[in-house]
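In order of appearance the chains are A, B, C, D, E and F, and numbering begins at 1 in each one.
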Amino acid sequence: MAEMMSSGVELMFAGMGIVFLFLTMLVYAVNIMSTLIQRFFPDVPVSGISTSLSTGIDKSVIAAIAAAVHQHRRQHK
Amino acid sequence: MAEMMSSGVELMFAGMGIVFLFLTMLVYAVNIMSTLIQRFFPDVPVSGISTSLSTGIDKSVIAAIAAAVHQHRRQHK
Amino acid sequence: MAEMMSSGVELMFAGMGIVFLFLTMLVYAVNIMSTLIQRFFPDVPVSGISTSLSTGIDKSVIAAIAAAVHQHRRQHK
Amino acid sequence: MENLLSLWQSTGLYNFTSGQAFMMLVGFLLLFLAIKKGFEPLLLLPIGFGAILSNIPVAGIAEEGGILYYLYFGIKLGIFPLLIFMGVGAMTDFGPMLANPKTMLLGAAAQFGIFASLLGALALNAIPGLEFSLRDAAAIGIIGGADGPTAIYVASKLAPDLLGAIAVAAYSYMALVPLIQPPIMRALTTEDERKIEMQQMRVVSRTEKIVFPLMLLVLSVLLLPSATPLIGMFALGNLMNACGVVERLSQTAQNELINIVTIFLGLSVGSKLSAHAFLQFQTLGILALGAIAFAIGTASGVIMAKIMNRFSDTPINPLIGAAGVSAVPMAARVANKLGLESNPHNFLLMHAMGPNVAGVIGSAVAAGVLLSLVK
Amino acid sequence: MENLLSLWQSTGLYNFTSGQAFMMLVGFLLLFLAIKKGFEPLLLLPIGFGAILSNIPVAGIAEEGGILYYLYFGIKLGIFPLLIFMGVGAMTDFGPMLANPKTMLLGAAAQFGIFASLLGALALNAIPGLEFSLRDAAAIGIIGGADGPTAIYVASKLAPDLLGAIAVAAYSYMALVPLIQPPIMRALTTEDERKIEMQQMRVVSRTEKIVFPLMLLVLSVLLLPSATPLIGMFALGNLMNACGVVERLSQTAQNELINIVTIFLGLSVGSKLSAHAFLQFQTLGILALGAIAFAIGTASGVIMAKIMNRFSDTPINPLIGAAGVSAVPMAARVANKLGLESNPHNFLLMHAMGPNVAGVIGSAVAAGVLLSLVK
Amino acid sequence: MENLLSLWQSTGLYNFTSGQAFMMLVGFLLLFLAIKKGFEPLLLLPIGFGAILSNIPVAGIAEEGGILYYLYFGIKLGIFPLLIFMGVGAMTDFGPMLANPKTMLLGAAAQFGIFASLLGALALNAIPGLEFSLRDAAAIGIIGGADGPTAIYVASKLAPDLLGAIAVAAYSYMALVPLIQPPIMRALTTEDERKIEMQQMRVVSRTEKIVFPLMLLVLSVLLLPSATPLIGMFALGNLMNACGVVERLSQTAQNELINIVTIFLGLSVGSKLSAHAFLQFQTLGILALGAIAFAIGTASGVIMAKIMNRFSDTPINPLIGAAGVSAVPMAARVANKLGLESNPHNFLLMHAMGPNVAGVIGSAVAAGVLLSLVK
């Protein structure tokens, strides 16, 4: 049983080691990625936010409703 | 063949017997259950029925629409 | 290899032959079907097109919404 | 040239057997009934299409390597009918039944159709050329349960060869309920009886609706475990809907999941409509017995209601007894329609829904009896 | 210590083979094409992801015990492509084709791409290192059908080893239709031909739309049973949509069911993008032949339209011939776009939808021929 | 008479064993917790129902021929938990985590609960009658990951016999997060620490959200391939949602598909709640260790945040450390609630979502370590 406990302790160190190694590397990778993307591939600001605010429903919802209506019409005409 | 018919008749009595036994017991069980529940666990009357009547659409529908709109916005912002 | 090529050429003729035979027969069949149906089983013109045009949403959409609302009410009352 | 010959020898025209041709016609007839006559289209359309696909010569769509062969495992292993039953459970509202529990007995009486046609099937063995085993007879009788998934589940266990004919008979007669039932109901009731108005129903609380499916399951566990696959999945669906906390599971069970399984189930049932199994004299026997089963079940329900009126103060309109066969909700609508004919202010629909859903339970119980006693 | 060593020996870094690394890059390329370039993302995204997952060292996601191994059975047994085809059938409107049936012949002509590239594959055997069997060649040719599920279905039956490359080529070229077709269409038509306006289409009745899929199935049963798994499931989906009585099944077939199967199908196809099977000289051959197949199919459709104009009074704009390859609806949109360039009032979209959906039938027929004649 | 006897001998009453009766009570308890107490009803309701169904005497619903027997293959082959994980991935927004990546370390620290309870399980072997192998201990430890599909996936691979108890413990403790965590969080933090306001988060671009799941997958491929089935399916779901071009697949993955699989997974997990496997002294050990695992994970996350504050200028409110256990989104809500108690203007919810979703990654990584090192 002592042997199993020592396996367990070893597993704990290996496990927490890997978990921290993994997530630490992920932190660095994310930082690098975000820097690169913000510099070289900045998102084009989305127009139409004003529409969204003014109507309370954004374009995609309207598009979805329109598509649904069109779909229904097509099928029932 | 006569033997099979007699098996069939026996099956009929057993079957209808069980069906009636089952549903009769269910009737009694339901009566007891309903009495107990109405006495000890009466449902709290649902407020908001007036809302439902006045607007023609109940709150859950509004909630569902709101969630859908929010979902769309979140995904398309 | 020459043998395989000749199998391939044969396959090509058989294949394009069948494809054209199939679709030519389908053309004739459709022509006959359409003639028969237009003569003997003409569709009853759908009323309610005006409704659809005037409201911008056809009946089936309204029915679907009504059903959804009803469904919600039933489940949440 | 060789290619052309081999092509011709691979055409359907060259390979058709008369049995296959006839079964394809049966498939087209089912499509016609489903689409033009509105006979249970959700099931009969895929069943009819499955019948056509599985009888195409050469293609082997219902043989190993074909899609219908693999889909059929869903029936063979009993999975599809149980998933459908779960979805039906989620769509069922036990409210009207709980408001007036004694109407459940109507749903018990109507199951007499099952056992009467079981006896009928055995009696038909007197006709030379017909040989129904007890298992066959039980599977045929279950048509009288007027419940599709139950019939398919029982037939797949007791008489898989008859599955196609039994499923077709069950769904066809369910679609014919508005034709089969009214004459029987009129013959067995007086105008005064049909005019009976029933008491306003009480409101059933949410807690009762949550507890009921569990109580139903427990009773079935104690009395009749062989019915618990059916009643258990039904109760699960019903509980998911009633409890209100797993709304998304309940919605999926009664929409997308049941739709997907219905397509697969219908096609698989259709794949059992082979000439070999269907073009038998016994199929005519099955169709005849199915009609008798529905008729006897209807009559039993009506008569039971009249008997109950002898012993009870609160009167029951005997028309709702006919709804005890299940065939939800057509049978209840038929009762409502006949009630309105006699008394334009008499809305029986909700009162008939009680025996109607009790009929579903009743036929699941009868199925359990058959599965446990018929070896 | 031992643990650390064993951990290091279980890392991907330690176990990577160059082939796996390269195939993962192919997977990422597919993701890039799907997401950034909009190449058939519904299929190429899961395919690309499947390629990455199945090439991860040690993990064995595409080997027994891994999820992709089990999902692949859906392709191996032919179930996934047929369910997709059912969904596509439910989404297809045959109205424009029924309004002008003779344009179906354009959908026949465009299948020449299939057989031309089949011959091309056999001819490539002259190159040392390339050895395509007749089965391989047939599976490669079907890329020219410009129809994903048909290509996957045929490849899974005739040449499962090439499945990955064939599916990738098929979907990639479908996405490239707006680039591949226009130069060919311009080269083969005069400005005047591209200006041809076509007659207003008649309205097609619901009955015709219901009868058509059944007629299509019957013709396929009589002539070419080997095409009936494909055409049958397509007709089933189309009938479910057209008949209007099983709306909930039709909706599920063209939404949730096809979505679920698309995810599974894409991942399974991707799992066949192993270094062993893909990093072969022959893959380049497949990609080259696929492009040729699309080009020849496009040209055949256009030329067929010009031939038909010689023998007919009602003129056909030859641009819609290019839509005969299928690749619904991109090919029809390309025809519409080129028509508008020559004549801003000339809307060809609906006219092109006829040959477009006829092309789907045409390639299913061609698939049937290949499946029945290539042993 | 014989029939009556045989019927009686086939009743549940006649055949009940005390173990089955007790396990059915456990099932009802789970239903009660799910419906009345709102404990993770989406999972615990089907699990509880599965427990009832599988313990019905005679019926054999979880044995060969019964539906639960076949559904369990979805877990045995590892398919169901991975599909759930894909759906969860599609529902996960990594935005808050990407806006403040260093909070991922909190999600790493909280996994200490996994390994502490693994050691605890081994230590319990000192008690006579308890014998946990290393595989058992690892499967028990994963409860501390506070992630249902991960726990089920690992348990099904390492200790299928304990699957039922482990899944029940995992989901129960997740539901108990609002009770388990607050006392620990209060004990380990000062009022001033709980008042710490965190910086406004930056907006994360769509491109970052698309690249992240791929980067996560690559890292996992390089370092820990054994975690790639879990992380891969999670990344696939997340990518489908983030990329925006396969909206219909993403919607299906996070709605109908996950709902269907949840019903099946829950029932199958419940079918492992047999008296034989559950009514063991060791089940009490598992429940105790699970609670300890959650407590230690919570404490580790909070302490890690306090350590990070020593070495960093931008302060972290240590309450969000507790969210590192995962249990999305309850743990983040708990952090938010405690923050508001100390400072009514301090909304920590979004800040806590970072460590919360990092905790999901962390426990998948820990699962990979266990799967690769525990033989």
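What we mean here is this: a contact is a pair of C-beta atoms (placed from the backbone, for glycine too) under 8 Å apart; a residue touches a chain by one contact, two chains touch by 3 or more.
Since the structure is predicted, the reported quantities are computational estimates derived from the model, not experimental observations.
Path length between chain B and chain E in the touching-chain graph (shortest route): 2. Of all chains, the one whose CA centroid is most distant from that of chain B is E. On a Cα centroid basis, the chain most remote from chain F in this structure is C.
Averaged Cα coordinates give chain D a centre that lies 41 Å from the centre of chain F.
For the pair chain B and chain D, the distance between mean C-alpha positions equals 20 Å. Residues of chain D in contact with two or more other chains: 3, 7, 223-224, 256, 369, 373.
Residue numbers of chain C whose C-beta contacts span two or more other chains: 11, 14, 18, 75-76.
Of all residues in chain F, those touching chain E in their complex are 77-79, 82, 210, 214, 217, 221-226, 228-229, 232-233, 236, 239-240, 243, 245-246, 248-249, 251-253, 256-257, 369, 372-373. Of all the residues in chain A, the ones that touch chain F in their complex are 1, 4-5, 7-9, 11-12, 14-16, 18-27, 29-31, 33-34, 37-38, 41-43. Across the complex, chain F meets chain D through its residues 3, 6-7, 10-13, 15, 24, 28, 31, 34-35, 38, 41-42, 45-46, 49, 52-53, 56-59, 61, 65-67, 70-71, 255-256, 259-260, 262-263, 267. Residues 98, 101-102, 104-105, 107-109, 111-112, 114-116, 118-119, 122-123, 125-126, 134, 137-138, 204-208, 211-212, 215-216, 219-220, 223-224, 358, 361-362, 365-366, 368-370, 373-374 of chain E are the ones touching chain C in the complex.
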